[in-house]
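Both of the next two complexes hold chain A, though its partner changes from chain B to chain C.
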Partner chain A sequence: MCARSVTTEAIGKAFGNERILEDISLHIEEGEFCVIVGPSGCGKSTFLNCLSGLVEVDDGYVAYDGADVTGKPVEDRDIGYVFQEFEDTLFPHRTVGENVAFGLEQQDGGLTDAAIDERVEEVLELLNIGETKDSVPEELSGGQQQRVELARQLVRRCDLFLFDDPLADLDYKLQKQMELEMRQIHEELGSTFVYVTHNQDQALKLADRLVVMNDGRIEQEGTPTAVYDSPATAFVARFVGDSNALTGAVVRAEDDEVVVDSEVGEVHATPRDDVGEQAGVVLLRPEQMAIGDAASGRDTTIQAELRGVTYTGEVTEFSVTADGLDREFIVSEPGRPSFGFPGDDVAVGWDAADAQYFERLSVSDSMTVKDIIRF
Partner chain B sequence: MASDATQQSDDETAHGAGDDTVLEVSGFTKIYPDGTLAVDGIDFSIDRGDFCVLIGPSGCGKSTTLHSIVGKIEVTDGRITLDGEDITDTPTYERDISLVFQDFQLFPHLSARENIRYGLERMDVPEDEIEERVDRIVQLLKLGDLVDRNPSGLSAGQKQQVALARSLVLEPKLLLLDEPLGDLDYKLQKHMERELMRIHHELDTTFVYVTHDQTQAMRLADQIVVMNEGQVEQSGTAEEVYDAPSTAFVATFVGDSNTFFGELTAVSEDESRATVETAFGDLQASTDNLVSSPRDLLETEIPFSVRPQYLSLGGDRDNKLSCEVEDVIHHPGSGTQVVLNAEGNADSKTVMLTSRDLEETPSGQVTVSWAPEHTILLEETSVVPGVDIETDILGE
Partner chain C sequence: MVQRVNVRHVLVAYFVLVAGYVYLPIISLIGFSFNQGGLTFPFVGFTTQWYTELFANDAIIGSIVRSLELALVVTVITTFLATATALAYRYDFRGQRAILYLLILGIITPGITYGVGAALFLLDILQMDKGLWLAIPVHVVWTLPFAVIVLLAGFPPTLSENEQAARVLGASRLTTIREVILPQIAPTILGAAVFAFTLSYNEGTRSLLLLGQDNTMPLQVFAIASSKRPTPMLFALGSVTTVVSTVLLLVGGYLVVTGIRHAD
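Up next, the complex of A and B:
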C-alpha cells in the first residue's frame, strides 16, 4: 500500500463576504494520521473539502506528493471520503457485500469478480462485520451501518482517506470501540488519514499530528503530547484538554518565572511567550494541581472552599472556589481520595512549572481575556 | 451535588428523613402498537431533589420511560405516581412535569424572554409574578442581554440554556431532560454539564436525565438507572454502579472493564476469595460483590471483571496473564492506554490496561498482573434472560 503526502500553501477561502479560511499552510506526511480539531465554525470542514477538491480554493494551492492538484476534479483524485451522515448513502436493496463491492466496481482497476469478492471479505473482516455480508442495510444496527459505509471507502485502498467526524453520531460505547479500530485500520492500510472532529478527546487519542484550528486559521500543529504540554496560545490550552483559568498582569519576573496579580492574589507561573504590561491568563490543568496536604509547599498555595466531589471511576474531580473567584476550579485526583465535605476549607496549590502564563491569547484578534476565561 | 455521597447525607439530616420519594414507577410496561415490547415491567423510584440519570444502549427503553413519565407516551401496564398521587392517566399538561428536548423546540418568532414567559402566560400567572420568576431564572442561568434575541441569533449552547430556562421557570416537581447535550460540541457539552450541575445544586428541583454517554451519567448523577432491553439492570449511586456492578452487563456498559468468565472451582476458608478456572488459567476474585453464598456457586459458570486501571505491567500481583501488546495510546492529561491480546487455551481476548505513570512504552510479549481484591465476581450476566456472556456481552 502506498500513501500520499498532502501539502497546502497559503490557502484562503471566502463564502461571499465571509472569510472562512485564512492563509493555511500545512504539510501532512505520507502515512500520517492527521486530526484537525476546532470549535464549530472554525473552518475545519471547509478545509477538508479544499483538500478533496469539493470546495475550490480562492488563494494558495493544494498538492499531493508535491504535485499541484488544485484544479483537478475530485473524481479524478482517487481519494476516499467518509462523512458523518451515512444512513442515506447505502443502497437499501443491495446486500452489505454488494454495497461494499460497488465502490470497487466503479473504479477502473480491472479487477476480476473473484478479486473484488476477496477484497470485500477482507475489509468486512477488518471492520468486524464479516457476518453481515449477505444482510441488507435495514437489518443492521446504526453502528454496523456506519461500518459498512467505512468499508465501502476503505475497500478502495486509496493512498489518501479524508474523514469528516465519522463517529459523531454513534453511541458513546460504540464511539470508544471504533476509535481503537480506526487506529488499527490506519495501521493496517498504511494510507494517509486526514480526520476532522470537534471532539478533542478523540483527536488526542487518534492523531499522529494534531492540528488545532480557530477562526479560519491554524492555532498550532504538533503531536498530541506537544500540543497538550506546550500549547502555543491560551486558546489551544483551553480547547485541548481541561484547564482552569486565572487572569491578571505580571507584577514581577524572576528567572523563568512570573508572579501574576490574579483574582486570588499573587500566583506563580511560567510565561509561554514575551511578557508585557497587559493582563494575561494563567492556565492550570486539573491533574497538575494539588489539593489537601499535598498543596502545602507548592510555589503557590491558596485557601479554597470545597464545593462538590464527583467520582468518575478512574478519577475523582473536586470543584473548589476561593475568595475573589466568581467560578469554580476543578482539581482531579486518581482513585477516590477524600478531602473533606462540601463547605469545608481546603488548600489548593501548584508549582510554577505547571501553571502557564499567556499574553498571546489566540491567532485570532477577536479573542479577549473574557472569552478565554468563559471558555 | 452529583455523585456526592457526603452532600447527600447532609441533605438527609436536614430533611429529617432519608426516604422522601418524589416519583415512583412500578410495573411499568410499554408495548407499541406493532407489538414491540419496549419496556418490560420495570420498578424504580427517585428521591426528591436528586439528579437521576437513565442510561443504556440505544433501544433499551430509556427514552420511552422518560416520555411515559411526562405523559407523551401511553402506559400499557403499571403505575406512575408523583408525590404519592397516581398520574398514570393524567394528561401531560396537568402533571407538573416539564420536558427539555434535544432539539430545543423554541418558538422562532418570539424572543428568548418571550419564549421563557410563554408557559407562565398560558397558566394565567399574574404579570408581576411572571416578571419576577422570569428575572430570577434569567439570572440563575446567567442569560443577561441574550434574552432580547430571537432564537436565530443564539448559538446552540445558548438555545439550550433558553430551553432549560423555559422549563425551569414553571417550577415543575420534575424536570425531564432527553439527551439535552447530544447535539452540542464536545467542549460545549463539558461546559453545559457543569452548568447543569450548578443549576441543579441551586434549585430543589428533581432532574431526570436520559443519555447514552456513561461518563456524563457518572458526573451528573446522584442516582443512575442502568437499562437494557426494556429492563432495569441496576439502580444506584455512581459509586455503587461503578464499584459494585450487579451484572456483567453493567460492569461492561458503565466504564471500561476487562470481563472474564469461567467455572468457580474453589472458595477460601474465610469465603473472601474464590478461584475461577478460565481459558486463561486460574484467576482469583473477591467475593464481596456476591449476594449468594460463594459456596453455593461452586461448580457454576460465573463472570467477573477488573477495571483497566488496576492492571499493571509485570508479575507482582496474584492474577497474571501473558499478553502481546497491540497498541499503546498516550492520552495527554489522563495517562496511557495499552491494548493487549491475551492468548489462552483455545481462546484469545483483548485486555485493556491504563496507567498514569508508565515510564516506558511497552511492546512485544509482556506479563500483566492485578490483585484479587480488584477482581469483582458478578452474580449474573444480565437481568435479561438469555443474554450470553460470550456473544452479547464480550462480543467475541
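Up next, the complex of A and C:
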C-alpha cells in the first residue's frame, strides 16, 4: 500500500465578504492519521474541502506528494472522501452492493465484474455489513448507512482518505466502536488519513498528528500528547481536554513561576509565554488539582465549598466554588473517594508546575479573556 | 327552536356548488356530443354521428395532426431545456433570480399580447414566412416555465449531495448525470414532459398570427365555433381533447408525485 503526503501553503478562502480560512500552511506526512479539530464554524470542513478540491482555494496551493493539484477537479484526484451527511450522499436508487461498486467502476484500467464483486464483498465483510449487500440504503439503520458510506470509499484503496466528521451522527456506543475500527482500518490500509471532527475526545484518541483550528487559522499542531501537555495558547488548552480557568494579571515573577492576582487571591502558575502587563488566564486540568488533605502543602491552596459529586465510571468529579468565583471548578480524582457532602468546606490546591499561565489567548484577535473563561 | 347549522354540511354544499360550476360545462359538453338534436336542449336521442363526422373531417383531423406534431417537437425542446435549467438552478450563480423571473414572464404575459409581439418580431422584423414551425419558439416560451417549476419541485432534496459523492468517487460529469442524476429524476422529467405536451397542444392564442394556412386544433375550434352553423361535432372534438388532456395530466401528476415520494 502506498500513501501520499499532503502539503498546503498559505491557503486562504472567503465566501463573499466572510473570511473562512486565513494563511493555512500544513504538511501531513505519508501514512499519517492527521486529525483536524476545532469548534463549529472554525473553518475545518472548508479546509478539508480545499484539500479534496470540492472547494477552490482563493490564495495559496495544495500539493499531493509535492505536486501541485490546486486546479485539479476532485474526480481526477483519486482520493477517498467520507461525508458526514451519509443519509444524503448514498445513492438511493442503487443497492448497497451497487453503491460500493460505483467507485471501482470509475477506475481506469477497469476491474472485471467478478473482481469488483469480490472487492465489494470483502469490504462489506470488513465492516460487518455483508448481509446488507442487496438492500437499498433506505432500509438500513443510521449506523449501517454510515458503514456503507465508509465502505464505498475504503473499497477504492486510495492513497489518501479525507473524512468529514464521519461519526458525528452516530450514537455514543457506536461512535466508540467505530473509533477503534477507524484506527484498525488505518493500520490495515496504510494510507494517509485526514480526519475532521468537532469532538476533541475523538481527536485525541485517533490522531498521530493533531491540528487545532480556530477562527480560520491553525492554533497549534503536534502529537496529541504534545498538544495536551504543552498547549500553545489558552484556546488550545481550553479546547483540548477539560480545564478550569482563572483570570488576573501577574503581580510578580519568581524564577520560572509567576504569581497571579486572580479572583480567588494570589495563585502560583507557570508562564507559557512572555509575561507582560495585561491580564491573562490560569488554566488548571481537573486531574492535576488536589482536593481534601492532599491539597495542603501545594504551591497554591484555597478554601472552597463542595457543590456536587459526580461519579463518571472511571473518576469522580467534584464541583467546587470559592469566594470571588462566580462559577464552579471541577476537580477529578480516580476511583470513588469521599471529601464530604455538598455544602461542606474543602481545601483545593495545585502545584505551580501544573497551572499554566497564558497571556496569549489565541492566534485569533477576536478571543477575549471572557471568551476563554466562558468557553 | 333554533337549529344548529352543521358546518360540515355547509362545506359539502359549497364544494358541490364549486365543483358543479367547474365541471358542469365539461360534463354537458361530453353529454351533448352524443345528442341527436342540435347544439342545445332538448336531448333528443343518443348518437355517435358527430364523432363519425369528426373523424371524417379532413380539416379538423389535419389540424389535430399539426397540433400533435407541434406539441411533440415543443415537448422535446422544452424537456431538454427545462432539465438543463433546473439542474443548473440548484447552484448559486449571479443572476439566478433574474433568470427565474424572466422565465416566469412567459406565464404571466397575456397570450394574445405575446402573440401580437411574436408576429411583429418574426414576420415583420425577421421577415420570416408564416407556417406551423414558426410556433415552436413561441410555444416553448409558454411551456418552459411550467416544466422548470415542475422539475424544481420534483427533484430529490439530496440530488446535489449525491452528485458531489459521485464526483468524489471518480465519476466524470457525464457518468454522474447518466448514472446518478437521471435515474433519480426520470419520473419527474417525464411528468414535466407530459405537462409541456398538453400545454402546447391546447395553446392557440400565442401562435394565432403565425400559422397562416396551417391551423392547429385550438384555432380550428375557434374557426368552427365562430362560423354561422356550428354542429355538435365541435362538442365531440372538445370531448376528445378534454378526456385525452385529463388522462395525460393525471399521468403527468402521478409521475411527478411518485418521483417526489421516491426521493423521500
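What we mean here is this: the second predicted complex is superposed on the first by the 363 of 375 C-alpha atoms of A that agree within 3 Å, B and C clash if a C-alpha of one lies under 4 Å from a C-alpha of the other, contacts with A are read in each partner's own complex, and residues count from 1 in each chain.
To be clear about the criterion, contacts are C-beta pairs under 8 Å (C-beta built on N, C-alpha and C of every residue); 3 or more make two chains touch, one makes a residue touch a chain.
Predicted, not measured: the structure shown is a model, and the values here were computed from it.
Participant: For A:310, select first, second, both or neither according to whether it touches chain B, chain C, the two together, or no partner.
Facilitator: So A:310 only meets chain B here.
Participant: With the two complexes superposed on chain A, say which partner A:142 touches: chain B (first), chain C (second), both, or neither.
Facilitator: Touch status of A:142: first partner only.
Participant: Of the two partners chain B and chain C, indicate the one touching more residues belonging to chain A.
Facilitator: When the residues of chain A touched by each partner are counted, B comes out ahead.
Participant: Once the structures are superposed on A, label A:73 by its partner contacts, choosing first (chain B), second (chain C), both or neither.
Facilitator: second
Participant: Quick check for you: in the superposed arrangement, does A:242 touch first (chain B), second (chain C), both or neither?
Facilitator: first
Participant: Just chain B (first), just chain C (second), both, or neither: which does A:92 touch?
Facilitator: A:92: touches chain C, not chain B.
Participant: If we count contacts the way the header does, which residues on chain B are in touch with chain A in the complex?
Facilitator: That would be residues 1-7, 10, 57-58, 156, 185-187, 190-191, 194, 197-198, 201, 212-215, 218-219, 238-239, 242, 253-256, 307, 309, 326-327, 329-334, 337, 339, 354, 356 of chain B.
Participant: Under the touch definition given earlier, write down the residues of chain A that touch chain C in their complex.
Facilitator: Contacts found on chain A: 52, 54, 73-76, 78-81, 83, 85, 87-93, 102-103, 106-107, 152-153, 156.
Participant: Per the contact definition, I'd like the list of chain A residues that touch chain B in the complex.
Facilitator: 39-40, 141-142, 171-173, 176, 180, 183-184, 187, 198-202, 204-205, 224-225, 227-229, 239, 241-242, 285, 287, 307-315, 317, 328, 334, 336, 341-342, 375
Participant: Within the complex, which stretch of chain C touches chain A?
Facilitator: Touching chain A from chain C are residues 156-158, 161-162, 164-173, 175, 179-180, 183-184, 262-263.
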